[in-house]
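The following blocks contain the structures, represented as structure tokens.
Next, two complexes with chain A in common: one pairs it with chain B, the other with chain C.
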Partner chain A sequence: MGKFILKRLGQMVLVLIAVSVLIFAMVRITPSDPVASMTNGKNVSEETKQELRAHYNLDKSYPEQYAIWITGVFQGEFGESFTYKQDVDFLIGERIGTTLTLVLMSGLLAILIAIPVGVISAVKMNTWLDKLLSTLTLIFVASPVFLTALVLMLVFALELKWFPAIYQGNSIKEMILPAIALAMNMVALTSRITRTTMIEQLNSDYIRTATAKGLPRSRVIVTYALKNALIPIITVTSVQIGTMLVGAVLVESVFAMGGLGDLLISGIKSADYPVVQGVTLLMVTIFLVINLLVDILYAVLDPRIRMK
Partner chain B sequence: MISAFTGHSPLYRSKKKKNVGKLFTPGVTVAFSVLVLILLACIFAPVIAPYDPNAQDLTQCLAKPSADHLLGCDQNGRDIFSRILYGGRTALVSALLVVAFSMVVGIPLGLISGYKGGVIDTIIMRCCDVLLSFPSLLLAFILVAGLGRNTFNAVLALGIVYVPMLTRLTRSLTLVEKNKVYVSACVSLGYSDTRIIYRHILPNCISTILVQITLDIAYAILDLASLSFLGLGTQPPQADWGAMLDEGRAVLLMNPMLSLAPGLVIVIVVVALNIFSDGLHQYLDQSQTALPNIDKYEKKMNRKLAKEGGAVDG
Partner chain C sequence: MNRFSRILALIMCAAMMFTLLTACGGGDTSGEAAAEKDTFTIALDSDIVKLDPAFAYDFTTNPVVNQITQGLLVFDEENQLQPMLASSWEQVDDVTYVYQIRDDVTFSDGSAMTMDDVLYSLERIANPDTASYLGWMYDNVASMEQTGDWELTVTLAAPDATWQYVPGTTACHVISKAHAEAAGDQLGTPEGGLIGTGPYKFVSWQNGTSVELTRNENYWGEDAGYFENLTFKIITEDTTRVTALQTGDVDCTVAPPENMLDVIAGDENLSMTSSSGFGVTFLAFNTQKAPFDNAAVRNAIYTAIDLETIYSSLIKSAGEASTPLPNSAALFGSEADAWTEYAANAPAHTYDVEAAKAMLAEAGYADGFECTITINDNSLRNSMALAIQEQLSQVGITVNINKVSTDEHTALQFGEILDANGLRDYDMLMAGWEADYPDPSGNLVPLCQGGNSSNAAAYNNEEATNLINQQLQLSDPVARNDMMFQALDIIMAETPYIYMYYPVKNIAMNAAYEGVTMNASWIWNIHFQDVHPVA
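Up next is the complex of A and B:
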């Protein structure tokens, strides 16, 4: 087991190094002058421009710039933002709480809704209830997350006034609408996969045996079928985490939440390289770490995987 | 076996016809008609649209839906219905271009990677691994950050994002086909690798790829809308579904139509594409499993013939 984890950890570090090079290069594909965004387009003397370039190491060659950035990252320093004039790690630290709370809340919400919905659809296969739930999931798969967010905002915040329309970080109540908006997409995908795997499991021999032994139906469904259906469900959920991190960017934009997403988007719009690099690298790292944890969880759940 | 079979071709053909009919089940027919209708409406937008999509009529700012303006007007007095028709052109053409780009790059890479194996395969696959370690839209964000914010770059960025997934799919299909007898036959006939890959392996993989492509168009529409919504894709004043949703959120309470109407069109198109792709998948799955059953039909046919023969004899 330890060997398995070490191997995966090594692979992850290699991928992260490649990712960091790629991020660094992609931000700079087209040569643009970040000094313009630092000075907000004001006319400044050539001397000041030179000073600014020197201050942010922009006068150095690309390999040198990369080396400076990556050594900083290992020390927990992501560089200084061009526009905020503050350290990127400070800017991230201020905002990461909002984003992580949002993603965790909606992830939890999604699983709590999706698994029962999927199990019910599978057990009541081809009845009106199953068809209704399938139609609903199809609509939510097709609805872009920001549309769901806007509709929730319009109905529950602006018309009914049950929830505030803007997130200010004062109470958990403000987080409810954004969390639901972000969760719906994942609910749809996860419940679909739950339904398919549960139908497969419910048709297998061991279920017939369990039923023939006279076990109560609820026990057969939950402790027999669902337990075996969990692995595909976990796979889909873990892949969804990446989508949710990006979905959070969109939801944050709708509810003006001021999380990592807003920081990233404003960074992209103002060519703020350190901010874009830092936030992207952080998001990819979170995504990869979660995938690693899921891989380990698999190996714990299913000994066959460890042997490979 | 085949020559013996051609004698009984009518039965086989009638079976095949049944399969062809099955692609257009009621659900798929509705989905397909909706898609064609929306596509036609967008193509003939200059004829259908009652107004110029960028014509401002400041007396009609945020007008409610009426006979003059079917869906009302936006904050600049532009007709929302006309903008949806023209916006559809931007959204649908962009989505098709994204998928076309990913096909042109991804399919050859997957075929080569799967067929050649070795170092080339390792290099291509490691590159895919790195690209796939980004959540997909995040990669598009950062590409747009480097390339600049406009429709063309959003299409290019998403095209690149879609390549590794298609490469992986094509590669896995190629690996299965590679070990089949007909490939060995081609090799022993001395065909070039290029000919084997494109003339023999690709046609056998294309049906599964096609199903993925129809789904990818749906994803591309959603992803492009997300980019435009964040201001990273199509820029105003050009009409685009995602960009309209962005313009509409400032006036959500005053005229919700501005956001909801393009949103609804996106949902309809994506649902229709999903149903169509699902139908296509089931249809192609069927025709694939139908082929090995030829023996069964032959047996059945022989039995039938024997019966008829017996009847004539008796």
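Up next is the complex of A and C:
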């Protein structure tokens, strides 16, 4: 088992190095000049621009710039933001809490809603209730996160005045609309998966046996069917949590949450290379770590995977 | 026994509780009694750059920094200079300016402001090592010296018409030297903070989220702020910023989005404070590129565009209707009489499709040509580009609209991106410029001076450029006006730009409050200390 984890960790490091090169190249392919962004086209002397270029190592060659960045990353330093004049690791540290809270809250919310919905749909297969739930989840799966967030805000904050329109970090109530907005896509997908796997399980022989033994219906559904259906559900959920990090970028922007997503978007808008590089690399790392954890979980559950 | 069914039941309960909570959670976020509030909340459209006057040169950083630090002088609501930390000032000769500094000013930490603090602050921004965005304002300064107990003398290297305004900008804001030296590299960051002489002092800055200020109890002036606290909340999404204002989550938003002004005007709980601005939104012809290197073609396009309809149907309250001059009357400053007369006699724009066709035919483009307008992602500019596309099709010119990111747009506008031949890489560019101070040359110089990086038309008329350069080195307003008028006569005949409109400056507020001070130069001059509930 230790060998398996080590091997996967090694692969992860290789992937991260490849990704870092890719990120580094991609932020520089965009036709923009960070110094022009920094000074926002204002009347700034050529001397000051040279000072800024030198300060941020922009006057060095690309390989040199990459070397400086990646050496810093290994020492836990992501460089100084062009626009904020502060260390990127500090900026990330200040914001990561909001993003993680949002993602965890949405993930939890999504699971709490999706699994019961999926189970009910499967048990009541092809009834009006099933069709209603299927249609609703279809709408949510098709609706972009950004749109869902705006609609929720306009309806529940502006019209009904149930919730504040923006997140200010004062109470958990402010997190509810953003969490729902982000959870919707995941609710849709997870409940579809739950429904499909539950139907499969409910049609299995062991369920017929259990029912024939005279066990209560609820116990057959929950203890027997759902327990066996959970494995594919965990797979989908864990992948979804990674996707949520991306969705969080949009939700944070709509609700002015000042999380990592907001930082990333403002970084992209202003060609703030260290910010874009740092945040993207962090998100990729989180994604990879989640995948690694799931792989380990599989390996624990199914020894066959370890052999491959 | 069946653990799973119990868990499922719990999950279901939790989901139901959540739904209930959601349904009953309705609170009245907007119904707070205005009089009991001690915090006034202002929405900003992006995070501030730094809590440091040296980097305060935009419409989000300045509204925060201006509450904490103050300049030697200040612009009043009529854009005229007034005393602030300097009680009086005098121009002794062409290159010498003398400022009498107040001796009764204290910083927010209680310490007294000394001449040492003043000189330190000015010299820090002038020093190229600081890489201040405002350092260029000191380019022409030969020396800054203490010439009396409370007297500061600034000597210029050469006569300069624009130095007079610099003490009213953040380039001359005074910070505490003791604090700045103790803070070192951390000055202006959330940890380092900033200490100045203004009515509010810094409390905290949570990156990307908010900045908190509180009343300066040691304020040297008569009244510190009405509200005990100011919160600046960063809301990048336009719709959210306006919605938060409507729901009462914020009390004010500076620079509300142009395309949502109608929404704000239609909400009776909101009010708008407006002021004409120093800016201009223009369509620049790339005069380095055929056929736009031909003034006849540029004039034909100018004649083929119906500016009046574009103004009345698209621009509306977002700005003032343009004239053939690069700036609105707000920039005439103290020379308003002479400039108003000149503007009245300037050749007016005429919209005439047939005349435009004839001009094109004479220039050798009877069948028109194909070209591109480059814009950034801005809904008003997009609408104007579409209108121009339609109008120019009437004279046989096919216009393609090329929408680029704001960042790329900025780089194009200031010549940071050039084509293979080292020329500007667009046909026509729709962009904007805003003067830094209320001087009639504020837009003319950057837009029309040959070789200036802000000259998006890459327009270079030697005679006009010479006149522009000469007037910059004079301080006699009559002689300056005369040279600028001569330059403008040449430039207007050649149409390097079509001026679309002069954007107005807006602040949208909850109608329960009033008293925000601002003017056309509000980048230097937006103050919240007098904001109070409507009686």
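Note that the second predicted complex is superposed on the first by the 301 of 308 C-alpha atoms of A that agree within 3 Å, B and C clash if a C-alpha of one lies under 4 Å from a C-alpha of the other, contacts with A are read in each partner's own complex, and residues count from 1 in each chain.
As a convention for this text, a residue touches a chain if its C-beta (ideal position, glycine included) is under 8 Å from a C-beta of that chain, and two chains touch if they have at least 3 such contacts.
Model, not experiment: these values are computed from the prediction.
Of the two partner chains, chain C is the only one that A:Leu160 touches; chain B does not reach it. When both complexes are overlaid on chain A, the residue A:Ser253 reaches chain B and chain C alike. In the superposition on chain A, A:Thr30 contacts both chain B and chain C.
Once the two complexes are overlaid on the shared chain, A:Leu264 sits against chain B while remaining clear of chain C. Once the two complexes are laid over each other on the shared chain, residue contacts for A:Leu91 go to chain C alone; chain B is not touched. By the touch criterion defined above, A:Leu150 reaches both chain B and chain C. Contact with neither chain B nor chain C is seen for A:Asp59 once the two complexes are overlaid on the shared chain. When the two structures are aligned on the shared chain, A:Leu288 is found in touch with chain B, with no touch to chain C.
When chain B and chain C are set side by side, the one touching more residues of chain A is C. Under the contact criterion defined above, the residues of chain A that touch both chain B in one complex and chain C in the other are 30, 32, 150, 153-154, 158, 253-254, 265, 269, 271. Those residues of chain A that touch chain C in the shared complex are 30-33, 35-37, 39-45, 47-48, 51-52, 55, 83-86, 90-91, 94-95, 98, 109, 112-113, 115-116, 119, 150, 153-154, 157-158, 160-166, 168-169, 173, 176, 180, 218-219, 222-223, 226-227, 253-259, 262-263, 265-266, 269-271. Residues 129-131, 133-138, 141-149, 218, 222, 225-226, 229-232, 242, 245, 248-249, 252-253, 256, 259-260, 263, 266-267, 270-271, 274-275 of chain B touch chain A in their complex. On the side of chain A, the complex with chain B involves touching residues 15-16, 18-19, 22-23, 26-30, 32, 138-139, 141-147, 150-151, 153-154, 158-159, 242-243, 245-246, 249-250, 253-254, 264-265, 267-269, 271, 276, 280, 283-284, 287-288. Across the complex, chain C meets chain A through its residues 2-5, 8, 11-12, 14-15, 18, 21-22, 25-30, 46-47, 49-50, 55, 57-58, 128-129, 131-133, 135-136, 139, 188-190, 206-210, 233-237, 239-241, 243-244, 246-247, 249-250, 405-408, 410-411, 413-414, 416-417, 436, 446, 454.
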